[in-house]
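Below are two complexes that have subunit A in common, paired first with subunit B and then with subunit C.
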Partner chain A sequence: MKKGLRFNLRGMELIAPAVLVMLVFTVYPIIYLIIGSFRSGSLIAWSKAGGALSQIQWADFKNYEYLLANADFGKIVGNTVLYVVMLVAGRIGCSLLLAWWLNSKINKRLSKTTQAIAFMPHVISLVSVSMVFMWLYNKDTGFFNSILTSLKLPACEFLDSEGTALISIVFVMLWKSLGYYTLLMLAAMQSVPKEVYEAAELDNAPAWRTFLRITIPCISPTIFFTTITATINSFNVFDVINLLTQGGPINSTNTLVYYIYSMMFKFSKPGVGCAAGVILLAIVGTLTIVYFRVMERRVHYQ
Partner chain B sequence: MMKKHIGVKGTILRIIDIIFKLFLIVCVAFPFYWMIITAFKTNQEALIFPPTMWPENWNFSNFAEALKSMPFFNMYKNTIIVAVTVTAAQFLFVVPAAYGFAKYRFKGSGFFFGIVLLSFMLPQQLTFLPIYLMFSKAKLLEVTLINTLLPQILPFIANGFGIFLLRQYFLQVPEEIIEAARLDNASETRIVLKIMVPMAKSAISAVAMLQFISVWNSYFWPLAMTNSDAVRPISIGVAMLNTTEGGTNWPVLMAACLMMILPIVVAYIFFNKKIQSAFVYKGIK
Partner chain C sequence: MGEIKLIGIQKAFGKDVVIPDLNLTIEDGSFTVLVGPSGCGKSTTLRMVAGLEVPTAGQILIDNEDVTSMPSGKRGIAMVFQNYAIYPTMTVSGNIEFGLINNKVPKAERKRLISEIADIVGLTPYLDRKPSALSGGQRQRVALARAMVKKPKVFLLDEPLSNLDAKLRAAMRVELKQLHQRLGTTFVYVTHDQVEAMSMADNIVLMDKGIIQQSSNPATIYHRPQNIFTACFIGTPPMNIFENGLENVKFGARPEKISLEPIEGQAFRLKVDVSTKEMLGAECIYYCNSKLGQIIIKSPDDYPQKELMGYIAYKDLHFFDADSNRIDINDQLKADLDRICD
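Let's look at the complex of A and B:
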């Protein structure tokens, strides 16, 4: 079959509508973000200037200088890293263990039901989930504190205290996403051919050994892929913070994306927001490249 | 095939396993339970500490209150319109694009696919500003676009994630079938409609369900793209209930949350196998 110019044009025709939409809603905003990081002025000024290059006030590198010299920004990046590490470790670790447990031969039907119920939080709106947890975490009348006090333990301030707010949010997101990650791991485990396990059984290996030496390497592509997406997803946290703590108390739950949003809207410093956005993209981009390097060395394919 | 002689040790293990799994189910399901019983309590009972595990006085008026405290029906209508429109429009954009990326090699296809991947890795907080300014200025038939539902619809009709998923599926369609159709002089449109779509029917419907749920639940984008209650969806309405002065009325808030999640929960109960299958596919490289 001759696959000449006409064939290739056909391909481009097929993808053209979607690509066009993406050029407007993905590529243009990124360019705007990068250029915006070098601008100064308030949100209103930006809105008035529109696209007219002549009307733009330039700030050179002042936005970046502001961020890098700002102790608050350092804290925010620190919060973000801490949050991501906790959440990704929780998601991957717990889902692996849970998937392995649910994959065992006993009580299969109950396992399926457990999996189905565990998955449900993923499809429920984060708005509703946040509201329920805000209610459960309430330091005066919330259910969690009623459990603590009935066990004669001190009441916890959860979302209202610097030390516990971030972990409380990690827990909410973990609750919401655990079923989803477990499903991914479970599907991967179930696609490992039975012969592999049977061979291990012949060697009389203990269960945890089978898990570490066989199961994990066999599903390592899935683990790798899931870790990347979990990481990127964790960096983008916003909704739950906006609904529960608005970055507080005392900036302890202020993370990068929330900071960018508040710079742009609340404090009307869109230039600084854009600069922070560029920094976020740089961090995530670098991490992705690092992940891929690690993958080339450690992931086993069948 | 059942092992008949499990023995005492096996039975004990089984029972422990059951207990732990039930415990896990309770832990996961508890927040839902709490949401439901709070919605039927009176505001006074909700504030009792330690809280009651079952409503003492069943109160059914919270739902009516929730309906009154915001333009509920209008917002619900907005949510439905946006979710349905986006999901439907995606068929026109996502299916051809996935087919194009799967079965054609041309200059720049790698680059464009990179843009596709980028589109669902970027957080919306980085892209909303220029899009918001754009919609605030654009007008169609005398109406400024920011006052319509379009800003909530247009950016999502070319869903990068859907293109990615569907392309994986289309890649598996054997070339021979397509070649045979081409030899019969079938037009490309026919190939897409009569061959590709039926083969990927389950994947397409799973992706559609995924998208519908995601748009239904979206919070940030409508928050950033709307200036008036007339175009806001129910997710914003529920969030707004939390910011009333005089302390939060938890039962009313929980009632509103329930009404918002109800269609999705019902859909999940009926279609959970299908919904889960969409997510599973993502995991397979």
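Let's look at the complex of A and C:
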């Protein structure tokens, strides 16, 4: 204990580069964000003030009050949570099922080809993906609607309707990232010894019970890890919304990060943007802590 | 009941034929050991009986019922794997219970069976532990308990002792043998270790390159090996085989059957020069040269001399024809032996 507390110069020297990088790129922005959330004024006023404390106009808690009083902000938080829940559930659920199928006794070549096809969207630029989906989703000339109409089914408005826009965006991101998550799950499943599955076969276990009682518990560390990263990653959604809907129609796809961006650069209210940023930071931070606390107990580490 | 019949079994992995044509009957209630060098097809044979591999051709019958295309879980068998393959996330009792749940055994009955089995294999204090908190020997017992609790017609054991240390392995050998006597069920045991085979088996099936070289009880396989492969596989050090000396006939003698003192009755004599000697306490192993080639002799006595005379009783000599198959001694061979005798 004594030794642990002693100031160790050599140790400090060794971690200094890493600490410096963290200070500049993580700690400083967080402090700046928190301070910013208590400031008023436009972007221009902010850049004029620079670092001079005397010129800063303080807003006290007005930025937070503005957010809380604003009905749109509540909807935006709701949208974000809905988006995260749908996307994370979709990613984990679909990737588990796909990986399970790929890991079963199917043809090797079929498995490899499917993996390659599923992974491909992950390496394609999101801009290209968005362009393609804009056409696929187009309500008059799009691919999906031409199929629907040829089947004599009513056309769907996809991105142009309040009711379907958010789920359409979830689908794009699910399609794009499914291969990546499947690969993670598949790698975890393949690390389970094959004899364990054979023992289950000899124990007359139906496939679904093998999946629930053996596969899932054995790969729970991977499921745990991917759930956390997928959640944080989904909370930070911005580019696909900026490309496809700009938050519309009627704020139905407006999410926290896109709202922060709009406040900063569209409406020139950087203080409000910072306040929303602090709220996002609080949500993601709390979730991470909760995840680690709650799931650690249920996760099996070998 | 638990009689296994393999009829005309062929197994190929792609173009690689592992087992060309295998016919074997494993008697009900027997302790049968499949033994052979690695790659001889013994594990593949076991896995086909288990239903984990599908034969390319042929039939597998258990109690005269064709199970060739029956799923593993329905065959009434249980298997113990080399690495135990216990379910890592379940407790000991969870591991034992899993097969019972699948077979829809009612809960009260499951509880009774688990405590009964745990008592037999000595796992009662560990029922709530996870496998990661158990020693190698305890994991082995979990694997055994999981197999036993299903009351199978046939036990399949795939090198179950090879992950244990030497001391524990010897103890488990005896325990398994006792378990077999107690249950009276058919045991099919795969190993590459001839000591395990000799010490446990009622019947040894010795395989090489997917072909059964000999199938008989341990005493017969030791005293009357059917061919040179069998003769050399069983016994440490392996049997001495003299390739030259007799025309078109090879003959051999086990190192422990060569005496360094004159013996009564008809004996074959051979002068040997000792090149290396290993003193093992209870016995000495002599590595020697002779006019018939290199020869290994195992003797309880320690001789300091470099030049010795070996005596082999005619009944301890084994003769093999040009195709390496066993032949019996006859007057012609005796006359030939007298000619080359020292």
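The working rule: the second predicted complex is superposed on the first by the 280 of 302 C-alpha atoms of A that agree within 3 Å, B and C clash if a C-alpha of one lies under 4 Å from a C-alpha of the other, contacts with A are read in each partner's own complex, and residues count from 1 in each chain.
Everything that follows uses one rule, which is that a residue touches a chain if its C-beta (ideal position, glycine included) is under 8 Å from a C-beta of that chain, and two chains touch if they have at least 3 such contacts.
Not measured: the values here are computed from a predicted model.
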Considering only touches as defined above, state whether A:Leu183 meets subunit B (first), subunit C (second), both or neither. first
For A:Cys218, select first, second, both or neither according to whether it touches subunit B, subunit C, the two together, or no partner. second
Touched partner set for A:Thr226, first subunit B, second subunit C, both or neither: first
In this superposition, the partner of subunit A with more touched residues, subunit B or subunit C, is B
So in the superposed three-chain picture, is A:Val196 touching just subunit B, just subunit C, both, or none of them (first/second/both/neither)? second
Using the superposition on chain A described above, determine whether A:Ala205 touches subunit B (first), subunit C (second), both, or neither. second
Mind sorting out which residues of subunit A both subunit B and subunit C touch, each in its own complex? none
In their shared complex, subunit A is touched by residues of subunit C numbered 50-52, 71-74, 77-79, 81-83, 85-90, 98-99, 101-103, 132, 146, 150
Residues on subunit A engaged by subunit C in the complex (per definition of touch): 193, 195-196, 198-206, 209, 213-214, 217-218, 220, 300, 302
Using the touch definition from the top, list the residues of subunit B that touch subunit A in their complex. 13-14, 17-18, 21-22, 24-25, 28-29, 31-32, 34-35, 38, 46-51, 92-94, 96-97, 99-101, 103-109, 112, 115-116, 118-119, 121-131, 133, 136-137, 154-155, 157-158, 160, 163, 179, 182, 188, 213, 216-217, 219-220, 235, 238-239, 242, 250, 253-254, 257-258, 260-261, 264-265, 268, 272, 275-276, 279-280, 282-285
Can you name the residues of subunit A that touch subunit B in the complex? 1, 7-15, 17-23, 25-30, 32-33, 36, 46-47, 50, 98, 104, 106-107, 110-111, 113-114, 116-129, 131-136, 140-143, 145-146, 149-150, 175, 178-180, 183-185, 187-188, 191, 221-222, 225-226, 232, 235-236, 238-239, 242-243, 257-258, 260-261, 264, 270, 273-274, 277, 280-281, 284
